[in-house]
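Here's the structure we're looking at; comments come further down.
Chain naming follows the written order as A, B and C, and within any one chain the residues start at number 1.
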């Protein structure tokens, strides 16, 4: 199913550009290429602006009065700019502490997910032993069950272990998902077996191959896994909501929802907080971008 | 390689911090008495900081009972019932649970998750309570209400001018709404604003016609729908689609002068006062009795009480019961009335306290609005409530957004409630 | 199902001698130990905290558990109820509708973006960042702005359609027929940057020599995309396809914020039904039955995808 769908539709977006690395693009030169590039830039710029529109709305709302956030029609230019929103939020709630908590959780979970995920993926992609495929099936199968279905049984278990209302529960819960294992396995499959075969002949153990050959070769995958895990943990609301009760453990997403009351909401504060909470994620993206687009791969065969 | 090296540096650090963090969490969360020997009562509630009634009750109670330490367990208002359900499933021992609405209350009570409070309830002066009967489950009580909200008509005094709003029928109301509508574009002022909740139309019809929202025959909704749709068509209210897709808040409609009249629950008064205090609005507002279908001099409206219950697995059940009883009694009522919240227990004295809150409109009409003849429960309680509620909500959306005619929508409600609800 | 990876270290023992056989046996056992040692750190956490509750949750579908009292075995009662529940069928249909739109569009959009933005153009990193923004923008902002863009009377989209000569532009989120397309558009817009990151990572694994060779053979950009990029991306494409598929069938957040399942129940999806029946109403037995149905659907589709993947590898 996947491949056929892909073939039918893929003509549309790929049209103006060649596939793959385009270092070659400049070399050819010529007026046609230049006009083509300008057109491409224009197109991308317009699309990018459209893509950013909701974020722009968020930015504008963050300096409004609460009551001016949701209006008909949308007010694109605030009547008066309430810049002080960005200073009051730090005193209205312990926003700095929330940021710290979110950061701590995201970093720990990302680290464990990337580390154990890439480790396990080696077993699934490059080793052959009985029970492997069954195990992998187990991983994949759980992805298909929505969390809403098992969050309560899971909570009951955690309560029995005495772990609720602590970071340990959330870390254990989110660090060992199937996502990382599956992602890394798929990338390891692109590394030719000859590479590890050669290393084996050189006397490296399987652990050595993983650490010194496979891991360095899968840098783009590691970076993208780390980024996506970080973002998802950072933005998660329901998990921390269910497991963290003490206010001092709260994450940014919980802190933001605290501005929603039973009957009303401080919408401008929510948007101010949302803008602030995007900053760390953005930093991680800019940092990670270097890794997942930088290297143009060689087959990795030495010599 | 660089990435790996960095990871190698960071990893031990992370693990170490993780361990210390968890070690901190484990300590000192589970105790039934505080360090100074006081009995600890934990109470599950929402948005402690922005819902002043909780602090008012806790402070008032602790002043009377110095040997008891009441500790709030702060939960987000948005998903409060979801969290409480999950916590209770795990065998949580929080002593007092706030019951956000009667439907949730019935669910917890029938599952056996609450301690009976029938003895405490029988001791109460029932005549002075509004909403106490709603907690009667076959003669047993598992929660006692401490506040009771009901719907009144909020209006902008400057826009209403000298109009007499003391005895409105819904027809009068519709006339007024059209009269108050002015301007166009971004200067448009609507005569009224109807929030997107189904209760605005449905619970109102039910309270004032006696129709049963669980009955499966919804012809009694028809007049209210015609009224609401008529105003929408005459552009005297913001359209339902615009309100829902823009997530419009009712508060902004009155406080920014976009609408002259807004039917809404009495909880709004406290919020409007708080905003005024912080300088967030400068609106000159008042309350009037909710308009009526029958013109018989009575004021019939609907509302919904909020209550405290005691967890069956409470650590300190006796102290918890003490708190719940106190909060629902005259002293608790005085404490919440002082901050502009309508308590379940009422008396002339409490009403005076309520209207002496700074900024509360003190005119005769507002005072009259706060003394309705009858307050019917917003949605009756049964094991079918949630299913029917969902169907009525879905069909309400379709009627109000013009996807279905009133007759089609009502027929669909009848059919679905009869056939789908088991 | 069997989801074999291409053969890893070859452990076939062709020699018939006893020594050979013993060596092969030893190697197999070593492989088993080493293989498990790789998987164990992740598997321990995964098995106890995810696999067990998942199995537990699915088993609950045969009981009347309400989250508090001891569950009672009720056999197939929940499934009988499922069969007669019009909400379930409506949600099932809507979920398939959503998936049918969301899967191919997101796949194409994210792959297209990745290929475009993998080039060394000036300022391309700014664009890459821009396209990732939708995923980190607050859902409320996404819902409000899309509802504004798609507003039936005053929205720019409908104004443009009217300009093009469309007489009755769609009512989008306030219409039963158009709410789902509106939702699909917004969700593709939101998710494409997310999957773009995965495709970008995948593109780095396509060997540069292959492009070089293709160019020498006189292949144009389009042919290079077709014959080098796509085959080289196959493992990534497969992963992304599976993830998009599963997440489409489990969609929850955006629907909840943008339409709440309405108008009527025209955008009610299975995850919402599960949440509503389970957490809200406490009918965990029934909610689990719906989950089991959703699980089986996802499983069947994933198995088909794995089979097709294997066939195309051969």
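Observations, loosely collected:
By our rule, a contact is a pair of C-beta atoms (placed from the backbone, for glycine too) under 8 Å apart; a residue touches a chain by one contact, two chains touch by 3 or more.
The model shown is predicted, which means the values in this text are computed figures rather than measured ones.
With respect to chain C, maximal separation of chain centres occurs for B (centres as means of Cα atoms).
Just to note, of B-C and A-C, the chains joined by more C-beta pairs in contact are A-C.
As a whole-number value, the distance joining the C-alpha centres of chain A and chain B reads 37 Å.
Separation between the centroids of chain B and chain C, computed from CA atoms only, is 38 Å.
With each centre defined as the average position of its C-alpha atoms, the distance from chain A to chain C rounds to 14 Å. Residue positions 70, 73-74, 151-152, 158, 223 of chain A each touch two or more of the other chains.
Residue positions 67, 140, 144, 148, 279 of chain C are each in touch with at least two other chains. Taken residue by residue, chain B touches two or more other chains at 82, 85-86, 89, 242, 246-247, whereas all remaining positions touch fewer. Interface residues of chain C facing chain B in the complex, by the touch rule stated above, are 66-69, 81, 85-87, 140, 143-144, 147-148, 151-152, 171, 173-176, 261-265, 276, 279-282. Every residue of chain A that touches chain B in the complex is listed here, in rising order: 65-68, 70-74, 93, 104, 107-108, 111, 115, 151-152, 155-156, 158-160, 162, 164-168, 171, 211, 215-216, 219, 222-223, 238, 241-242, 245-247, 249, 254, 257-267, 291.
Across the complex, chain C is touched by residues 1-3, 5-6, 9-10, 12-14, 16-25, 37, 40-41, 44, 48, 51-55, 57-58, 61, 70, 73-74, 116-117, 119-120, 122-130, 132-133, 135-146, 148-154, 157-158, 172-173, 175-183, 185-187, 189-191, 193, 196-197, 200, 206, 210, 220-221, 223-224, 227-228, 231, 235, 270-271, 274, 278, 281-282, 285-286, 289, 292-299 of chain A. Put simply, chain B touches chain A in their complex at residues 1, 3-4, 7, 10-11, 14, 17-18, 21-22, 25-26, 29, 46-47, 49-51, 73-79, 82-83, 85-86, 89-92, 100, 186, 238, 242-243, 246-249, 251-252, 255-256, 265, 267-268, 271, 280-281. By the touch rule above, chain B contacts chain C in their complex via residues 81-82, 85-86, 88-89, 107, 111-113, 241-242, 244-247, 386, 390, 394-395, 397-398, 401, 403, 416, 420, 422.
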